[in-house]
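Below are structures written as structure tokens.
In what comes next, chain A is part of two complexes: it sits with chain B in the first one and with chain C in the second one.
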Partner chain A sequence: MGLFVAQLLTGLANAAALFLVASGLSLIFGVTRIVNFAHGSLYMLGAYFGVTLMNTLPGVFGFWTSILLSGLIVGVIGIAIEVCVLRPVYRAPELFQLVATFGVILVIQDLTLMVWGAEDRLGPRAPGLKSVVRILGEPVPQYDLALIAITPFILLALWWLIARTRVGVLVRAATQDREMVGALGVNQSWLFTGVFFLGSALAGLGGALQLPKGGADLLMDLNIISAVFVVVVIGGMGSIPGAFVASVLISVLNVFGVSYIPQSTLVLMYVVMAVVLLIRPYGLFGREEKAGEHGQVGEPDRPIRPAGTKGRLFVAALIAALALVPLVGENFTQVLITDIVIFCLFAASLQFMLSTGGLVSFGHAAYFGGGAYAAALLVTYADTPMELAFLFAPLAAGLLALIFGWFCIRLSGVYFAMLTLAFSQLVWSLVFQWYDVTGGDDGLVNIWPAEWLSGTTAYYYFTLIVGVGGIILLRQLAHAPFGYTLRATRDSARQAEATGINVKLVQWSAFAMAGAMAGLAGGLFVFSKGSIFPNELEIGKSFDALIVVFLGGVKTLSGGVVGAAFMESAKDWLTRLEYWRLILGLLIIGVVIIAPDGIVGTLRRVGERIGLLRTQEFMR
Partner chain B sequence: MLEISALNSFYGKAHILNDLGFSVSKGEVVALLGRNGAGKTTTMKSIMQLVRPKSGKVQFNGQDITALPSHRIARLGLGYVPEERRIFSDLTILENLEVGRQPPRADAPAWTVDALFELFPNLFERRHNRGKAMSGGEQQMLTIARTLMGNPKLLLLDEPSEGIAPVIVEQMAETILRFKKEGLTVIISEQNLHFARIVADRAIIIESGEKKFDGSFSELEKQPEIRDAYLSV
Partner chain C sequence: MKQIKTVVAAAAALLTVTGAALAADSIKIGEINHYKRLAAFAEPYKKGVELALDEVNEAGGVLGRPLEFIFRDDNGKPGDAVKIAEELMTRDGAVMLTGTILSNVGLAISSLAGEKKYIYLAAEPLADALVWESGNPYTFRLRTSTFVQAAMLAEEAAKTDAVRYATIAPNYAYGTAAVEAFKENLKKLKPEVEFVTEQWPALFKIDAGAEVQAIEAAKPDAIFNVTFGTDLQKFVREGTTRGLFDGRNVYGLLTGEPEYLEPLADEAPEGWFVTGYPWYDVKDGPAKDFVDAYIAAYPGETPKIGSLVGYMTVESIAALIEKAGSTDTDALLAAFKDLKVETPMGEIVYRDIDNQSTMGAYVGTTAVKDGKGVMVDWEYKNPVAYMPSDDDIKAKRPAE
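And then the complex of A and B:
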């Protein structure tokens, strides 16, 4: 009994920081409709500023002042982000805003590294609250009790602000219809900036407040962000009480999970999220979203066309040149190009569902890694011949996508994205924690191709044929009747439905197809490396794919391939630089703001302007 | 008071307003008439800069407002009541009014919550209810009241009589006449010629975003062919 209570209290104490970060994210989303992926970075900044301030300001007063100051500083940083990065892209489609916040993550990572160095910082203990209290015989840290006492007050203060003040009324009104709020004379820019300040400050507070229980390190941004997403999605995007309830739920679940089923704590969290989303798609306290409710209208997409003669010739020449590489290139070049082709196929598969289908998946790595693991498991446990195991990669990934897709396509927009993320994290955590089967962090090794493909050059040609074949197949599909139907469901699900299209079925098929092709890329990957590790399933991998599709050009067909080729080649020299994340982050933000058409879109526009290309006659 | 000249507005590539121009003087009630899709709503949105015109000019009391953000225009004293009402359904009636509240101005009637409840007694009874659970007529009253909280000098009413019960339409007509008495300038968009004739001093007929008629109702009476061509009676 004592132990039970002690664990419950630990869970409640852990919920404090999680709630602060989640409520900030939720608040920002509610008003601006932006899912701020960089929210974990603000939390991390809060922790670092907290450590520095606590080491400067002495005593009890200094400790609590440091926490408040950290919140304020991070709030101001939030304002800077809002004004410089997000303001220019409020009118852009959701995906652009998300990608911009990915860029912010990278920038903050490197800036933090520059300022505070790579070493982890231990959080100072809270003065006056350093000892433990015995509750039913079990020791409970005093600081935990303090956190448990503070959290309800923060909740209450937020509730009062939202429910009882004019600012709160405006915030709630803007959550529903920000254009109308503007037409009634309210300056939305200020409202947005204010909300961003508050949300960021809450994240900073959370980071500083958790210091005595943890510390500050460079991984804490991405570590917390997935938990925060789980919380926000379970609680309902935009709901503060929801964030509170879900934070407590997840934290308590985690504490008990650690002691009773230590192998599955991560899995547990994502299972809970998936179950909640299935029963209540908009979270426990969420409000149903109607598509287009917030009036985001972009320019109408240009119709896509099959490549013109020039385009075809160019692609044919490129493939021919690639086929000649082994005659002149070194091993290293071949390995690099193999990597590039695999990544291109992966990106193309995401682009297929994203651009043609309008299905923005945040968890596409699940199918890439899923296919790779399926093949690797077959080889490891069943001694399956490589050829057969390789065929299983797309099959298994397609099956996985079929299963997950069935759930995901019932949702749309941000909720769709979140559920895909949850499923991919589910797969990742399963692989990561099921050590006996998957090898956990150690991965699966010795997964080599068959004899006839074992040389670098042989595998190079194999990858080239399969990879390019896969990409062409996806392109053909986009130009086939299926592709047109899919685009119809993207542009207006309701109209498509009215013309007799089974929208869900079409989207489901596209989801499965994209998954299978990602699995094919995964199969190529695992046999080219001879091993597979859980990081191929991580959020980061899914983000990589999103970023290259975006860099290449969302509204094009070839954007993913071009972006992936550009990124994979650039990475080779970029990662040699010390602060490559900073450069990449700034590059991403720059593209979002200055050239939202991406590489392909911009090239096309420039080409049309100088008359090199006839309008709409580029390889798309 | 309001001067619109050579306005051209687009939705994507669709050209909606075609060199539209007219002016409204202080204290006037003007009815903007035209069939479904004629461009009445687009005109109002272009005045508020909720739709950004490609060319042309909107002047309010001599000031060019064509490039201003909507909230600045509202603060200058233009009150917009949208056709779709767009009330905040998660907010109570009192909170909806609060969103519209702006400081009073010297040269326009000043409204308070109490005065508005007197004008629309139905709203008072339900002041703590959320916007969700309201009838069409009540929603219409609420949007008007919400906009009046901003103490506008000029009121843009987009189809106030649409989709509400006949009794309420009559009340609505009286209300608009009262606004006129208080010195408010009003532009209403209407399809209902009968209603427009009761409340308005002047009619402007548009079709495909072009002005086809601008004059008093008695002049319009004398040209039934215009009425038949551009209005569905």
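And then the complex of A and C:
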């Protein structure tokens, strides 16, 4: 009994920091509809400022002042991010802002390293709260009790702010219908800035508050972000009480998980998330999204057309040029282009479901890595010939997509995205923790292509044929009747349904198709690298694909491919430099601000303006 | 369909930018590491490398040519590391590869090395699979194997009366391998021990309070700790606060390394038996020379174990090339056979049987002195006695 209570208290104490960060993220999402990837970075900054301030300000007063100050400073940084980075892109397509926040993550990572150095900082202990209290004979740290006491207080304060003040009325109004709020004469910009300040300050506060239980290090930004997403989704996007209940739920479950299934703690969280979403698609306290809130913001999607004769000739010439590379280029050029083509195919597969199908997946890496692992497992355990194992990659990924897709397509908008994320994290945690089969973190090695493909040039041609073939196939599909049907379901599900289209079936097929093509890319990947590790299934890999699709232009057909080529090349070049993350981050933010329609979309617009491209008919 | 144009343009741009010529007559070594992802470990390593490079080149280089390292960042991703390795070997003219801290990146490069016949000296990865289960003729490893370090701790543990053991290790390959090695060695020495609980926090995501409660609930006599970095900090703090370590023997793998002990400052655990690196306490000989040179080269900094590994990596490569007399892959491969290298830790040998070096480990007891965590009563142990038997190793390594 004593142990049980003590464990419960540990869980409650752990919930504190998680709740603060999650409530901030939830608040920002609720009002601005921005999924702020950089929220973990703000949490990290809070911890670093906290450590520095606590070492300067002495005593009990200094300790608590430091925590408040850290929150304030991070809040101000949040304002700077909102004003400089996000404000210019509010009118861009939905979710485009997350590309900008990704750039912010990179910038903050390098700036933190510059300012505070590489060494991990141990957080100071809370003065006056250094020892334990015996509860039913079990030791419970005093600071844990303090955290348990503080959290409801913050929850109450937030509740009061949202429910009882004019600011809160505006926030709630904006959460429900921000256009209406604007129409009623409320200055949206300031409302957004204010909410960003509050959300960021909460993250900073969370970072500083957890210091006595941990410290500040350079990995904490990405370490917390997936847990925060889980909490926000379980609680319901935009709901503060939801964030509270979910962070308590996750933290307490985790504590008991540690005792009873110590080897599967990672899996647990994502299982809970998937189950909650299946039973309550909008989270425990979330509200159903209103139709029209997602998908179409700003200019409507343009009708697409097959490329003209000029375009086709152009592409043919480029493919020919690529085919000639081995004759003139050196060995490494082929290795690099192989990498780029694989990533382009992966991005194109996501673009197919995201742009053409309007299905925003946050977990596309599951199919890329899934395909790669399927092939690698066959080679490792069954000594399957490479050719057969390679064919199995898209099949397995397609099957996986078929299974997950069946669950996911029942949801829509951001909840669809979150369920795909949950499934992909589930796959990742399984692969990571099922050591006996997948090799866990040590991955599967020595997965090399068959003899006839083992040379760099041979594999280069193989990748070129399969990769470019896959990209062209996806493009053809968009122009086929299936593509038209898919776009109909994207633009108006109800209208499509009325004309006799089986919307869910079409979406399900698109999901599976995109998964299979991602698996094909995964198959190419594993044999080009000779090994596969769980990081190809990580959240980061999914975000990479998402980012290049938006960067290239979500409302175009070729955006994903162009974005992927741009990003891979930029990365390859920049990683030679000392502060490459800073430069890459600034580059991404720059592109986002200069080209809010993505690279291809903006080029097209410029081309139309100066008369290089014909303006499409419907725009005249 | 502008995509392919972009690909070509990007590739063309790359050709012109990266083709810049380096000093033509230097011998180049490709060094891949996670300079950003694991900055806390990679920076001291790089400093050790640069210190040794200066010394080698001041003394006239190797084979009369300067030795040069090309440092590249892989962001901790095995896929990127493989690409960079190809570039280093085929475009930049590196004669061999080295580097990496993360085991998975090391394994990825090692697999590439075996396939493409590149020589790879894995400097720091902890996974023993590199030289055993996934070993290949082209991959060599410098750092003391995890098995050996765990065996040294098990030997000490077997001397006590403790019977009930708890283990806590990060839930990834290195953690599981370390626990397995500790159990195997301890059971061999003392068959009556039992392992009452095994805790597996996710790497760098420990829930320290819960872990401490779970271990306490199992009432062990002794604890084997494999957590490191921020996980270790949190574990030590919660464990100390809640009295987990009172009256219990604790054995800590790597806990005594300055990378992990220093951030703990006066909260460093006392009385743990650990492997580590007591640089502050070495009195004389090459070990002391290294410490002095390091502090002189980087005022205000102190050497970490990573610095020492970086330094020894360069010494190994310099000795290798001198012995081979050329930078030809076959000559280097032949020269690696039983290569002897003079290092701050004394002479080490790259064993022919598994390509593992005989770099040893410092073992000792932790204490707090002047507000800092240190190792006391330490000694340097040669690893050879703790290695698995040659037959065991042969059975583990894939047939060549």
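A few remarks follow.
Assume the second predicted complex is superposed on the first by the 599 of 620 C-alpha atoms of A that agree within 3 Å, B and C clash if a C-alpha of one lies under 4 Å from a C-alpha of the other, contacts with A are read in each partner's own complex, and residues count from 1 in each chain.
Assume a residue touches a chain if its C-beta (ideal position, glycine included) is under 8 Å from a C-beta of that chain, and two chains touch if they have at least 3 such contacts.
It should be emphasised that the depicted structure is a prediction, and the values quoted were computed from it without experimental measurement.
Partners chain B and chain C fit side by side in the overlay (superposition on chain A).
The angle formed at chain A by the C-alpha centres of chain B and chain C is 160 degrees to the nearest 10. Of the two partner chains, chain B is the only one that A:Gln188 touches; chain C does not reach it. Touching more residues of chain A than its counterpart among chain B and chain C is C. By the touch criterion defined above, A:Leu170 reaches chain B but does not reach chain C. By the touch criterion stated above, A:Leu266 is placed in contact with chain C alone, chain B being left untouched.
When the shared chain is aligned, no partner comes close enough to touch A:Asp221: not chain B, not chain C.
Applying the stated contact rule after C-alpha superposition, one finds that A:Met180 touches chain B and leaves chain C untouched.
In the superposition on chain A, A:Asp597 contacts neither chain B nor chain C. Using the contact criterion defined above for the overlaid structures, shared-chain residue A:Arg287 touches chain B, although it does not reach chain C. Shared-chain residue A:Ile337: touches chain C; no touch with chain B. Between chain B and chain C the least C-alpha distance in the superposed model amounts to 27 Å. Contacts from chain B toward chain A in the complex involve residues 12-13, 48, 50, 69-71, 74-75, 80, 82, 86, 88-91, 95-96, 98-102, 146-147, 150.
Those residues of chain A that touch chain B in the complex are listed here as 166, 169-170, 172-173, 175-177, 179-188, 287, 299-300. Partner chain A is touched in their complex by these residues of chain C: 1-8, 10-11, 13-15, 17-18, 36-37, 39-40, 42-43, 72-80, 82-84, 86-87, 90-91, 103-104, 107-108, 110-112, 114-115, 127, 129, 134, 171-174, 176, 197-205, 207-211, 213-214, 217, 229-230, 233-234, 237-238, 241-243, 262-265, 267.
Chain A makes touch with chain C in their complex at residues 3, 6-7, 10-11, 13-14, 109-110, 113, 118-122, 125, 130-132, 138-139, 141, 144, 213-215, 217-220, 223, 254-255, 258-259, 262-263, 265-266, 307, 311-312, 314-315, 318-319, 321-322, 325, 329-333, 335-337, 339-341, 344, 432-433, 435, 439-443, 445-446, 448, 454, 456, 468, 471, 525, 529-531, 533, 535-536, 558, 561-562, 565-566, 568-569, 572-573, 575-576, 580-581, 600, 603.
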